[in-house]
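Chain IDs A, B, C, D, E and F follow the sequence of writing; residue 1 opens each chain.
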Amino acid sequence: MKRLIEGLQKFQEGYFSSHRDLFEQLSHGQHPRILFICCSDSRVDPNLITQSEVGDLFVIRNAGNIIPPYGAANGGEGAAMEYALVALGINQIIVCGHSHCGAMKGLLKLNSLQEKMPLVYDWLKHTEATRRLVLDNYEHLEGEELVEIMVAENILTQLKNLQTYPAVHSLLHKGNLSLHGWIYRIESGQVLAYDGVLHDFVAPQSRLSYLEPEFNLHPNCPLTSYNS
Amino acid sequence: MKRLIEGLQKFQEGYFSSHRDLFEQLSHGQHPRILFICCSDSRVDPNLITQSEVGDLFVIRNAGNIIPPYGAANGGEGAAMEYALVALGINQIIVCGHSHCGAMKGLLKLNSLQEKMPLVYDWLKHTEATRRLVLDNYEHLEGEELVEIMVAENILTQLKNLQTYPAVHSLLHKGNLSLHGWIYRIESGQVLAYDGVLHDFVAPQSRLSYLEPEFNLHPNCPLTSYNS
Amino acid sequence: MKRLIEGLQKFQEGYFSSHRDLFEQLSHGQHPRILFICCSDSRVDPNLITQSEVGDLFVIRNAGNIIPPYGAANGGEGAAMEYALVALGINQIIVCGHSHCGAMKGLLKLNSLQEKMPLVYDWLKHTEATRRLVLDNYEHLEGEELVEIMVAENILTQLKNLQTYPAVHSLLHKGNLSLHGWIYRIESGQVLAYDGVLHDFVAPQSRLSYLEPEFNLHPNCPLTSYNS
Amino acid sequence: MKRLIEGLQKFQEGYFSSHRDLFEQLSHGQHPRILFICCSDSRVDPNLITQSEVGDLFVIRNAGNIIPPYGAANGGEGAAMEYALVALGINQIIVCGHSHCGAMKGLLKLNSLQEKMPLVYDWLKHTEATRRLVLDNYEHLEGEELVEIMVAENILTQLKNLQTYPAVHSLLHKGNLSLHGWIYRIESGQVLAYDGVLHDFVAPQSRLSYLEPEFNLHPNCPLTSYNS
Amino acid sequence: MKRLIEGLQKFQEGYFSSHRDLFEQLSHGQHPRILFICCSDSRVDPNLITQSEVGDLFVIRNAGNIIPPYGAANGGEGAAMEYALVALGINQIIVCGHSHCGAMKGLLKLNSLQEKMPLVYDWLKHTEATRRLVLDNYEHLEGEELVEIMVAENILTQLKNLQTYPAVHSLLHKGNLSLHGWIYRIESGQVLAYDGVLHDFVAPQSRLSYLEPEFNLHPNCPLTSYNS
Amino acid sequence: MKRLIEGLQKFQEGYFSSHRDLFEQLSHGQHPRILFICCSDSRVDPNLITQSEVGDLFVIRNAGNIIPPYGAANGGEGAAMEYALVALGINQIIVCGHSHCGAMKGLLKLNSLQEKMPLVYDWLKHTEATRRLVLDNYEHLEGEELVEIMVAENILTQLKNLQTYPAVHSLLHKGNLSLHGWIYRIESGQVLAYDGVLHDFVAPQSRLSYLEPEFNLHPNCPLTSYNS
């Protein structure tokens, strides 16, 4: 705690002093362009890995970067997302998982958590679709590889879950929103992005020329016959 | 998005390269000492304002830094907290609100949100205790001052809510956990900490000499008569 | 009721007598190949419009052929679907809406239902994503046309919701399940099927040559890099 | 799927063509006289067994023809029933179970379902009252006989549950609603109806002369002393 | 508070001292014969009005003596009832309403409570069936008479709700449980009991000769055809 | 039942007749000064042990005198409390546990209840914080001593839970409410009250001179800096 309080002072005398104008301006309102959803894990720092400025990222953090389907939970996830899209007009969402995720390791031994960490157990049930898919389709994997695939598939589950929310559903249809799935690898500092065409996670740099969002299941146009 | 992807590259070539050992070590496990609960607001960056290293803070972020009472919500808040205390052995929790909080402004005009942002409306109901207290006890305030008191009282509400969780309740009793309430002021870069004795938010530097946690409602000892 | 009881007798003496073998066989177990989800509306008779035999269709019927997202409801929808996929091994799901649907008309004037039909009001909230999308994207429509587009978009919402269920998510990934969206038009006796490529509802006969399911968002293969 | 699509064509060219007037009339509104609640089982076809016309039966179908008590579930059952009674003015409800019901067999081995079909497990909990009653009162039965009694008692449980709904409660009091319990036997094509006086299921033909509903717990009059 | 603490002393020196044996015996276990469900209202004292001894009545008290249908609530009502029937073997339940009940007056102006007493509002929704029935069937009443009928009908609603609980459902079938509905009139000190045959509340003394419970909807025998 | 009905008569002819004026007055409204929360246990009679008059105590009774945290339950507890504070203006709450409490014994063997008394099991989960604290902090106790500490700690848990309710939170801040924790010992007729300073349960007589409530975590004043 002592170190933390010294940090506060260091921040104010250092970074804050040299960015006084930015903070003055931010005190009148925020205008982030990205909703960043990532794990509570202490090793994941969204601003650091994207080298973003204060004010750039609206951030949701929980164990396992999970967004329960619309209506399934009454926690903060849906509210923060709705606020980001409706009140702030954000039009990009990134769901960012990470290697060595404790939540995903927990998902692999779910039943053992029920007694000791009942709230974690209940929470991970929201991504049961990930667990079922991995158990049914990746029987040949184990150990680290299984954790990695759990991390990857968990991100895709959340991208599906996100689309059940009214605001997301409507904005995707309008063509005013794009969804992205990222994996951050702690050991290499590398980030991979989901590519819907390749159905794989690839280096995002390779896709910079694309104009469309990496992941857009719903064509951005109304049903044809009702618009002629 | 382009800027973000360039940021990823900059991070990997810059910060990551110069801290390769730290990341290598972190890839084997995290050992954060603080659970930091703050708002999703893009202007709040916990690692920046505390000048913390990667790996130091386990972070929960939602709109309004709210922790619903135990059993009241099935979102990610309770699970992440339980994981922090039980799996990671963290023994300090900081609830950090901030000035100009959009969630607190929303709380002041709650009913107007029901139609346009129903999920935000439902979510803010979890801190109805704050709203009721402020409406009943601060009738003489308005405008910015009212937002500020909402921010401050909201933090105290969460400190009470936290204490209804089994893990928190038990660790507080053991004397192995301390709870802290912070306000971060965007315009001044300053952080104030709740002082239970003064019942006010004060500069935390002034309290560095204290050994006890700033906020500890439950004496850290068993009921006397059952321990003699 | 009198007419109904006469019908029972007529059935037993007529259809049942002439299909005694089929019923004898069915009494040992059912082996339907289709899960058919349609409205409770008395004008929709799934067996009639598909000219299916007894034993062919496993049927879920509720107001508006709605399937809430996984975890959002504890009614019979999720259970019947899980039973169809896991216990019966069904691998085709049809969500069949219909023209002039009272539930969809209700969705257009949702708030007026709260007092008089509170359970209908609460139920339709599960397809709020449809309402939001239509209100935001089809402002130029009204009357019958608006009802029609509500019917059509509502089917697509359910196809998204279905994919949040563990069993659906896993089977789609395996390539062992296909999802179909149908509209039945009472006035013409015609059925249109959703075509994901055209993003429109078309005569299903035109698509008989296709081998793939009409609607398959998730490629039926594992993530590439984990299978080489 | 191919067969199904051919069925659609057959329906349109056959039944629909010869009933064009009925469908034209129905396109202007439905006026069903019966709410029919039955199992999703593919062997149960309500229109077939009652030889009803299109437009006669408003139908709810789920696994086990279960109606959870009022307030216990937020699925489609309560909404469809409320719509039937309030919007359509229906005044007869039939809960129709059937022999060899997979849901009732599941109820007999409930705990074994928890892992493999968690949604079915949760759903059957809504008819725990049936399970408890059968376990406590029919210890001498086993095998097929036990399934049969489960089917029968399950219907009576739903008749009680129905009465907890505001619309049902009020209409029963008014004398404007009757509730019926039916068992459909797949192997014989026979339907038995619950007789509240005999407390048994009997051939409904034998009761055609009755004027009163077969099952009416609440006398259709106001409390005496408040009406003199 | 002072008066209360003096009362404690008075109790210990008076009543307790003169009943020391009873209390000594009770400290080894309770054996109540009645589950008494009444309002939290300070004017209702179950032991006083029945002149019962300490140890006679197991008591549930809440606002409006409401028992939500099985599965509809997760408060203390269902648990206390289950404990009474299963752990203590109690076989008589009395639901006792009372004249001038504030909860019933609240039910008559339900919507006005939503803002000021949201928890009361939500709670009274559990007896919406009473409100609907009274609004639909007693339009000719107003004022005190309307409150009285609300009190009376509310008791009957709870008797129906009780029957949806597994333990009640099973014991009623066994013939090992009877349900009673009482109205206590504060102004006259009189208690009226519901008489299912007369469908009215009458002086209970007049019914002492009866052997059967006053209210038993479910005949206490198994379904006939399964027991021959 | 016979004895009970004779009791009613005895009450009316005895106590009621001699207190006719009190009851006449009470029929025009109640004005209790205390909200008394105690166990459903038949051995606990709040009016008897406090020697209170009819009209003095507004009473909530459930198994284990538990008040779930705000938002965690939709049973009668929160509503009755809200009614007491908001509608009746009560400003003293007593949570009164008792020795040999069956609910607390159940809490010690919680998992064994799941099958036989599932509603009791679910209900006791609301005081999981008590169970966790006792298991973690009183390993050296067993048998009767363990039950006693469970009873005592359970009361303190409820005092914390109470503070998460909007009405309580606001009134405590205003200084218009005090919370008290009592233990009633059946075998001695004695009541002990929680003393926040000593952090122990002591004879309440010893504390009569105190002006402040025994238990007040929140200083009864606004945050200092916002009131100068």
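Simple rule for what comes next: a contact is a pair of C-beta atoms (placed from the backbone, for glycine too) under 8 Å apart; a residue touches a chain by one contact, two chains touch by 3 or more.
Everything numeric in this text was worked out from a predicted model, so none of it was measured.
Separation of chain A from chain D in touch steps, taking the shortest path, is 2. Chains touching both chain D and chain E: none. The most distant chain from chain B, with centres taken as the mean of CA atoms, is D. At the interface between chain B and chain F, two copies of one sequence, more than half of the residue numbers in use are shared by both copies.
Chain centres here are Cα means. That of chain A falls 44 Å from that of chain F. As a whole-number value, the distance joining the C-alpha centres of chain C and chain D reads 20 Å. Here the CA centre of chain A is 31 Å from the CA centre of chain C. Annotation for chain D: residues 68, 73, 118, 128, 165 touch two or more other chains.
The sequence of chains round the contact ring, opened at chain E and continued through chain F, runs E, F, B, A, C, D. Across the complex, chain F is touched by residues 68-73, 125-126, 128-133, 135-138, 141, 145, 148-149, 152-153, 156-157, 160-161, 163-167, 169-170, 173-174, 198-201, 217, 219, 221-226 of chain B. Interface residues of chain D facing chain C in the complex, by the touch rule stated above, are 1-2, 4-5, 7-12, 14-17, 23-24, 26-27, 29-32, 34, 40-43, 45, 47-52, 54-64, 66, 68, 73-84, 86-87, 92, 94, 99-100, 102-103, 116-120, 122-124, 165, 178, 180, 186-191, 204-205, 208.
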